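This is the structure, below, for whatever I ask next.
Note that the chains are named A, B, C and D in the order they appear, and that numbering of residues resets to 1 at the start of each chain.
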């Protein structure tokens, strides 16, 4: 579904990602792990079009997206969340989700200005769907609360709902478990598994929290110093000596 | 022909160093506090009026009058920071910017009412009699502007590169949270930037005003300084100086080789072209925001 | 207070004014209305969209001059020419946005500043448009009647600016407004959700240009003369100040800001040459103590009632 | 239940109804048995305040003096000052306020072309007598409106004509350079200079422009150097003109400078510096505000006592002087209109003024089709030590 071929990213001579290939299959949860500075977030930014790869190519559903603008990548079914959450703080929760739905419930300026039925119908439908999505993640009772006032765990969840609102085929989650408490992590795991199994979503998960990664991932890719170390099932990864070396800090020499 | 060209260049460079003097301070405030200071031109004007006031009504001689002007202007910068900028610190950036517009108007209209709308004579710091070198006339008092802007830029450069305090300010500008962790209070750096830039305003004014005629509307020239800062990329002090001088030269050339009617249109058109085709300014490389 | 109630208040003032107000007050209300409508364009691009445009007076100029020149040279009646002129102004706004909104929105402030300068100096040197001397604005005719009485001009301008304000208000409360606000709060999140920031912001700039050109032309019917001095960078900056002082999140802020800058100077006129000094001192104080603009007083009743109801709920819970 | 549509309908109907209502001003509005209400309208704040504050001080002084002397035909003057804030919309608002709300009989002002010219249609349509002393756009009196008079100052059409005549006379090469401000002021002046030069014939000229906020004029002056002009006309505000004056000398251009009346403030030569020596400017009268003429000395002393705050700013200036003269002319009109004062009789009385002297500015003359009180000027020259003197000779535009 998503395929990275030999991606290289350089900033001012500094190589952040070096020759990384990766593929995410439909309907799987794919985890991307690695120590700090391994280039995980850079990969997400490349996939979503915020950075352009210096070399290599990026395919989504067999089409190259390397030169596509960010918003078109999102519209083609690839949506992300952010490491430090990027909610629209002044908006209510439901408005946040409605921004995600904006493209689905399109109406023209004219129909708003002339008060045509189309805008009212679409606004209503969007609000309804947003509410249903909030229900799915069991946060509908916060619908009218200002997003900026929510506790961190809830904000993450709102961000996931907002991403779902764009009807993605592949969800990119940038450290969704960072800063969450134990029971929140368990709930998160449940949600992600549900999304995969019920909606058939593919998920690319970037995280260090092993409680998440190891519990739900179908496959795992490990990066270190911007290089690909290994890809495989959770069990394969656990027993891979290169991975162990990478985490223990001694695997610089492996290519 | 060659003399004409050199004379033209010289005129452009002098006018450009006026713009550069202003651009330096605008860039300083913008980088340090995130605010575009629309009051700067009026601060510059007010600084000179303090000088004039000290001379004409307090009977001081030039040197102490200059000192008073610079100090009063610095105190005014302190007042701006404490009374206006600090309370507005967490607001959308447009609000402190509009506050500077209002502060500028307070100064301009206050001075107009108190010192009158007519021009005041300001003492020249250097002679206005030109030297003629090979058909080109060079005026010492004009060179004072160029000299001052170069000196100020060098001083600022030295201050930020070689003093601990300057380094601290730079660090705080680049990363307020980080600076806080290291123990540099964020408020202190913005305060010192406001004081510093306000003192620069008075100095710039005292150098510029004798040559441009002191009226309450002299601050309008800051628009050109702003344009110069844009041309230089709005990020670096050397960029501001080069931007200012370049703008002056463009104006002079357009005024002579195209027509005086096209002078401003040409320079603004260059500005638009720069922004559209080289949005980070002529002298900066693109930077990437970390997510 | 509910949005609708505020609108009713404006409508009530506009409609009842002819019955109680003299010509002077009527004229001032007309100026407030047109100024507010001009500023409402800025509310859309800056207050809602978070971008700074220093070109509003340039858009006003383009609208005014087009309408007047269409009338003088092609004989197109003003009331037909003004919408055409507003469209021209909008097209220019669109082009400007298209050129400079490719990348970061911050460049808009700089490009519009330069653009304001270019338009001002172009007008000054354009002899067909009266050049520096300016142009008298032709009178409006409607079905063959010359509408030049103060009352007729009041009605025309207030209706036109009311429509502009109403349209911009609707736009702000539509999905366009929502997405623009989203872009202001987190550009990166909005773009990652599929929001096309470039086309959206370009449209917003074009719309603000239309508002400026349209309402500005009607203001010129009141002022009766196009003087290039009315269209400088300084006047563009002034429009921004009006927006912020009134409140930059809604069109009500534009109306309040315009009213302040029209009525407060008259109230302070006894100060003579010190008037503007005191006025801007007050404005500075206003900005510091009410940074959300004076329009935020409209939210006070709502906040009080919410506070009361929250107290009430808590009591119920306790009981 | 009233729906939104209903409210809009009601609103629309009310507007139409209101549109039918109009107000009429009476011929003697603002005149009572013992009072005449006069509005003083001018720019007290903003870029054009130079002229507005002069209009206010000169007007105030003249009105106070006549009141102290017992008033006009048994009536005291009551004056109301309104600030037009250097803005055209505010000028019209101020005018409407004076006429509609303050119910004044006549208006003394407005004071700048940027405000005054946009107001002309409103002023002409109102029928209220308007007396201008400060701004110089020829449009104010040409075509003449029944109720708009101007005196003291020199309009830009006349000034352009006089300048052209004068510089042609003093130019030995019959080649003139013109540096003009890019705005309305400079443009109107230059148009008229050029028109008159063409009228005279056999004169070469070159025209360059600059902005009021410019600081460097090298490019324009170098273009002028390419021509063989020996006289330079500078038509612009004091601040840029001062730099032009200085740079001409610094570039050693062999030009005799002749500035417009804007370059004649008392401190002007000092702002230019020693380069001002020898420069000439138009001046709308033969009396300098710092001069020793009897009436001027009287005026200056009274002014300094009445406005110590302004005296500190090296005033009175020409603007105060012209306003004082203008207000005295208006007072003379009111006096001659007699006890039976109406707008019609005031206009008739003003039209009857011929060579009305105040000893402060050039005599005012009006007529049934003449609304411009002063149509002649003098030339002032800056001497060594930066003092100035009026050169002999009066130059008339008629």
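Brief remarks on what is shown
Convention: a residue touches a chain if its C-beta (ideal position, glycine included) is under 8 Å from a C-beta of that chain, and two chains touch if they have at least 3 such contacts.
Worth saying up front: this structure is predicted, and the values here are computed from it rather than measured.
When the partners of subunit A are compared with those of subunit B, the chains appearing in both lists are C. With centres taken as mean C-alpha coordinates, the chain found closest to the middle of all protein C-alpha atoms is C. Averaged C-alpha coordinates put the centre of subunit A at 70 Å from the centre of subunit D. With each centre defined as the average position of its C-alpha atoms, the distance from subunit B to subunit C rounds to 31 Å. Distance between subunit A and subunit C, defined via averaged C-alpha coordinates, is recorded as 40 Å.
Within subunit C, contacts with two or more other chains are made by residues 121, 125, 188, 273, 276-277. Residue numbers of subunit A whose C-beta contacts span two or more other chains: 50, 82. Of all residues in subunit B, those that touch two or more other chains are 109, 112-113, 220, 223, 261, 264, 291. Taken in their complex, subunit A has these residues touching subunit C: 48, 50, 69-72, 74-75, 79-80, 82, 86-91, 95, 98-100, 102-103, 105-107, 109, 112-113, 115, 119, 122-123, 126, 162-163, 165-166.
Note for the complex: subunit C touches subunit B at residues 46, 50, 52, 99-100, 103-104, 107, 109-111, 113-115, 117-118, 121-122, 125, 188, 233-234, 237, 240-241, 244-245, 248, 273-274, 276-277, 279-281, 283-284, 287-288, 291. Residues 4, 7-8, 10-12, 14-15, 18, 57, 109, 112-113, 115-122, 124, 128-130, 132, 137, 139, 208, 210-215, 217-218, 220-221, 223-224, 248, 251-256, 260-261, 263-264 of subunit B are the ones that touch subunit D when the two sit in their complex.
Within the complex, the subunit C residues that touch subunit A are 167, 170-171, 174-176, 178-179, 181-182, 185-186, 188-197, 203. Taken in their complex, subunit C has these residues touching subunit D: 8, 11, 14-16, 18-19, 22-25, 27-28, 31, 121, 124-125, 131-134, 136, 149, 151-152, 155, 158-159, 219, 222-225, 227-230, 262, 265-266, 269, 272-273, 275-277.
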